[in-house]
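The structures come next, written out as structure tokens.
Common to both upcoming complexes is chain A, partnered first by chain B, then by chain C.
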Partner chain A sequence: MTELGWAGVLVAVAGGAVRVSTPYLFVSLGETLTEKSGRVNLGLEGTLVLGAMSAYGVAHLSGSPWLGVLVAGVAGAGFGLGHGAVCGLARVNDVAMGIALFLLGTGLAFYLGKPFIEPVAPRLPHLAFGAWSASPQVRAALDVSPLFVAGAVLAPVLRWALGNTKWGLVVRTVGDNSDAAKALGWPVSLVRTLATVAGGFLAGVGGSFLSLQYPGTWNEALSSGQGLMAIALVIFARWDPMACFYASLLFGGATALGPALQSVGVTTNYYLYGAAPYVLTLGLLVYSSSTRHTLVGAPSELTISR
Partner chain B sequence: MTSLTPPATPPAVEVIGMTKRFGDLRALDDVSLTLAPGSFHAILGQNGAGKSTLVKCIMGYHRPDAGRLLVDGHEHVVVNPRQAHALGFGMVYQHFTLVPSMSAAENLILGRADLPAVIRWAEERARLEAFQRRMPFTLDLDRPVAGLAAGQKQKLEILKQLFLGRRVLILDEPTSVLTPDEADQVLGILRELTAENRLSVLIITHKFREALAFAREVTVLRAGRRVGGGPVAGLSRPDLVRMMIGSAALAEPATRAARPGGAVALELETLTVRNDKGLLAVRDASGVVRAGEIVGVAGVSGNGQRELVEVLAGQREPESGAIRVRGEAYRRTRTDMRRHGVFVLTEEPLHNSCVRGMSVAENLAFRTFDEPANTRGGWLVSRRALRRQARSLIDAYGIRTQGPDTRLEALSGGNVQRTVLARELSGDVAVLIAQNPCAGLDVAATAEIRNRIMAARNAGAAVLLLSEDLDELLELADRIVVMFEGRFVYETPRDGADLHTIGHHMASHP
Partner chain C sequence: MTIRSSVETAAISTAAVLVALLLFGGFAAARGLDPLEVYRVLYVGAFGTWFAVQNTLTQAAPLMLTALCTAVPARAGLLVIGGEGALVIGGLATVLAGVPLAGAPAPLGIALLCAAGAVAGGLWVGAAGALRHWRGVNETISTLLLNYIAIAVLNHLITGPIRDFAQVLKPASWSLGEHLRIGDVPGTSVHWGLAFGVAACALLWVLMRRTTFGFAVDILGGNVRAARMAGLPVGAMVLVACFLGGAAAGLAGAVEVVAVHGFASSSLVVGYGYAGILVAFLARQNPLAIVFVSVLLGGISASGGLLQRRFGLPDAATLVLRGLLFVAVLASTTLYGRLRVFRRP
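Right after this comes the complex of A and B.
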């Protein structure tokens, strides 16, 4: 047992929530933007893994983790462009295309990432918000990633932009009533493609967090479905960037539950606690779906809400 | 910014010899029309006469096969709506083109050609309010459009067009989703704006009353050709009807067979239903409909009628309460519907009871495709049988289509309506639930459909007729119930029904 005891579990879960939530946050913000334009990108899990691999590889080869983050984003944007361009063609189903990209992304990352499993890459720095505390648990919990801070800033900015900028209005119009957008003369397909590219960029950056910060290595079991869970999270968050932020923390906390309990010596049922995020995803999806009412806030052009 | 400059006067518009073919069909055949500045011009015609096709050719949605468009004497070739917009033409559709999740203010500024990258809402608001002050009506700018009543949405559409600086406004059946009062308000506003020479209006409508009361000129189309028109002043309703339907006579209203009260066929018991947002839409609705009786449900749209029909059609789960048909619990399944002969005419059939990408024959067969007559060996659907069935229904109900294999979405609005009517009325009807069955139909079709509903009643069907058209209810119903905020608040037998009292109950509790 540690000195903080059960309070330590809370501290560890809270710290874990902040630490683990970053990839959820980036992927869900990206997916929110994409879905606001009326398109679903289920391939973000693949983008996430590809981002993790390319970030790790580039950081290892160049010695600069930030260059790795950038390259991960660019790789994600490239995947987004592919998705956007193909879905812009007539009679292409974005759900099917997304699943294809998911498989392609993970496959590509595993293939290209083989040489990087052994070597060590420089990690991203931490922001030590907990330096004032004497307790190692508190200090550990308050070691915050700069990417988390970036995501936390991005969420309100994205929310503001959707309501207060020309591009925000254009994206929402295209996602909510493409006939209206066409009547106004806006290029529906182009807007959706750009939104998908931006979403892919964010998912790629989210991936770089996995390999360069936490857990901070590259291997094939790095992502355990965070990209997919983040897409479910968008539905739960009702396509609101700020809600995505809070929901990401919730998912992060659920993921951190197992390790936190382990740290106070509760090791039985470890794998059961490990399943917490998946159970949470299932529960939320069941909770938010209903035959009696439609999802409030769902962009009406989405394949799932039509 | 164009929309802030003092309103320019509308241009003179001339349409000469417009012709449009779809395959073998001449949807529009050498139609000409002039719009002087500040005119209010109505286009009348039966379903499928080519009214929508004409205005779509003007707006650049369709490319005409022949014909010229002169604006202030200069010829213009308009190949897409943006060019039409640049000429000052704007169009308001029967179905709204607003973005439902956005506020009225957001919807208004969306169309601005010079929308800035970052929107300064304080400035925009001030500008919109200044603009609204010059308009004959005002709207709450902060409400999301999804929460507006149909009349307000239509006003917002018009406001948007004016805000965007459009000087020639084309409206395709703008009042079919409005109550008579709302329609009068909206048309009154347009009339005022034309009188001030701020706008020219070209409007498609099926309602003679509107054409005669608000328009100054009319053009009547039949089967794609202009068959009459001129200043409204010299025309009467019978003149217009004659032009529209030609030599064919309008069906006489069906007689109401005297029937003793039949057995209870449909029974609602404290039915409670929630809408899409999870709010109570139907509250504790109880009542019966007897065989051989038409019960009319009056009410302004949005008072729970849609949700009630959806529950009866099996499209929505009720919250609580019971529904019985002929004394048995009605589970709202296909089997139950078939067993009890329950048929439903939903509103907006294209969205609620059709598949637009399927053929007319397939849409007509939704209730019967798996019946022995339409299958081979009991489980293989026979396309030939479906086509045969479709052909006879197309004839019997006068559906104007190129054939049974045409995709439903290529049909004109009124013909989609007829297709659904043909499907729902041709079976063995014991219980008929109909919501606004004549919305969007021309006079001839309206008379015919009302006859068929009356005939179903006379043959012993129990009919629940939900309508926003009080004249229709007074003509058809044996009993009228008023629905307000999800409750049945008032009931009156046909004899002694008073329009004024009904209207009063529709607006609020007494």
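Right after this comes the complex of A and C.
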């Protein structure tokens, strides 16, 4: 394992950036879409865990991992619908509701997922881009998930759609000035709910990556705040889907740092390296926030940017 | 608060709790259980016997303190959910403070240990308040991240620098001296932390409802611009509100160490912080109501074990019930001022 030595750490971090980034990518793209419509969904951490559980359960019962991915998305969309519907009521705080769904989502996933901790579910296949290399580390780093490829395609598409299509214009107008949207006769609440449903779907799919690809198992410690960090990442990425993609790679690399160092024998301070992504998120938030002006690209109707 | 609005709050909250229980009954029915029997066991496990009541009160003690961590900053218009992290940091600070205080006489030593936990928790959440005030960092997200960082710091310390290898079951820190521990309220198996919780809630109720400071914080929570125009020191008030909230949760961590475990381990991370958020919302951020709601929520946690044994429900069943409660309570906020019965004639 140590044949590449410290270069192996770099390869592992780079490979980890690709491998670990997928849940960040899907959740942040979903949250970007939701927030562009003027609503926050902090519950995506719960959606991620629920998606992971339902994907694993369905893949185990049906034998088809892709069906698991679909069901995870549908479960996420259902949670998005719940969030959208309740937040559409007058005077319901969407930030607090997100926390409630975060707790309900994880609780529900643990409750329903208990029977699936032991059994084995079929995993998603890898795309082996590294088959040419003789080094097992390089090959491992270049085993790319099809979901990662899907997310990498989705990011520019979402950016284009938000900027250049009528639907994108509707979502942005609802998020920037709901009065203007109402004056144009657009259904503000419906648009926000649909954007929340779509965001939930993406977060659910992101969860299926955790249980069906990497780490590729279901247990109660599967996600430790990835969904939450992805939401913070949206602020850092200034609500730009392509920036979400790059930021997800950065976060994937940070998450892979601890295990990578462990593989070359650096086992002390393991938990401190494990805190790297959280500290990085907090640092980036401090760096990218400001009290003086509203952030570039921030939807004006957003409760957390006001 | 008029009587009419108190009755409105009580009625709407009760309705929300009933809706959540109904939904939970649906979950039980989906597993082929009789919902009425589940409710009965839920009640018996929480309040049915003297043993259950003591268990419930023990669970309620830390909830009162972690709920304050959300409730106090909430009056200043902040949504802080850092109770879990502040509790962990408070517990760690207590263990560390136990080293120089090892020779201190018991009452003074225990008071200083609790103070150390409270101050550490206060600074932890106060940091989020500072980031909010000076850098505009969203306090909800920063306090959630601080929870994960606190747990990482705990795991780092108890598996390395302060690990006691005599603890074989799971990694844990060294223990406090026996004389620095506090016991149970005489005649019960409920530890003194309950008294700390009730006292803290009463104290903060007086501070938030009966002093100029509390009134100023309410103005700040209502409208930041109005508070600035009135010349209130907004920054200092945000910091103090966050510090007080964090200190309450830090005290909860200190009590867990001093009264329950005697050392720091992953037993500090059992979700008191997250349950506290629900308590704060259910109590509508009112410190006195927190005392009663904590007992209710403590009852749900206490009956979890019985639900598990009697029906084979997974231990996460109480998490589901809590989540449903939280959603129902938040959704019910839309009803305030809308029901004709509670309107002024």
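The rule we apply is simple: the second predicted complex is superposed on the first by the 305 of 306 C-alpha atoms of A that agree within 3 Å, B and C clash if a C-alpha of one lies under 4 Å from a C-alpha of the other, contacts with A are read in each partner's own complex, and residues count from 1 in each chain.
Heads up, the rule we're going with is that a residue touches a chain if its C-beta (ideal position, glycine included) is under 8 Å from a C-beta of that chain, and two chains touch if they have at least 3 such contacts.
Please read these numbers as outputs of a predicted model, since none were measured by experiment.
A.B. asks: Would you mind checking which one, chain B or chain C, touches more residues on chain A?
C.D. replies: C
A.B. asks: Of the two partner chains, chain B (first) and chain C (second), which one does A:T165 touch, if any: first, second, both, or neither?
C.D. replies: The answer is first: A:T165 touches chain B but not chain C.
A.B. asks: Give one of first, second, both or neither to describe whether A:T173 is in contact with chain B, with chain C, with both, or with none.
C.D. replies: first
A.B. asks: Please indicate which partner A:S300 is in contact with in the superposed arrangement: first for chain B, second for chain C, both, or neither.
C.D. replies: The answer is first: A:S300 touches chain B but not chain C.
A.B. asks: Regarding the shared-chain residue A:N93, is it in contact with chain B (first), chain C (second), both, or neither?
C.D. replies: After superposing on A, A:N93 lies in contact with chain C but is clear of chain B.
A.B. asks: Taking the superposition as given, does A:I235 touch the first partner, chain B, the second, chain C, both, or neither?
C.D. replies: second
A.B. asks: Need the overlap of the two footprints on chain A, from chain B and from chain C, as residue ranges.
C.D. replies: Correct list for chain A: 291-292.
A.B. asks: Looking at the complex, which residues from chain A come into contact with chain B?
C.D. replies: 164-167, 169, 172-173, 176-177, 179-180, 183-185, 291-294, 296-297, 299-300
A.B. asks: Show which residues of chain B lie in contact with chain A when the two form their complex.
C.D. replies: Within the complex, chain B contacts chain A at residues 81-82, 85, 97-102, 106, 109-111, 115-119, 121, 274-278, 316-317, 319.
A.B. asks: For chain C, which residues count as touching chain A in their complex?
C.D. replies: Of all residues in chain C, those touching chain A are 27, 79, 81, 131, 133-138, 140-142, 144-146, 148-149, 152-153, 155-156, 159-160, 274, 277-278, 281, 314, 316-317, 319-320, 322-324, 326-327, 329-331, 333-334, 336.
A.B. asks: Provide the residue numbers of chain A that touch chain C in the complex, in ascending order.
C.D. replies: Touching chain C from chain A are residues 42, 82, 86, 89-93, 95-97, 99-101, 103-108, 110-111, 114, 224-225, 228-229, 231-232, 235, 268-272, 274-275, 278-279, 281-282, 285-286, 289-292, 304.
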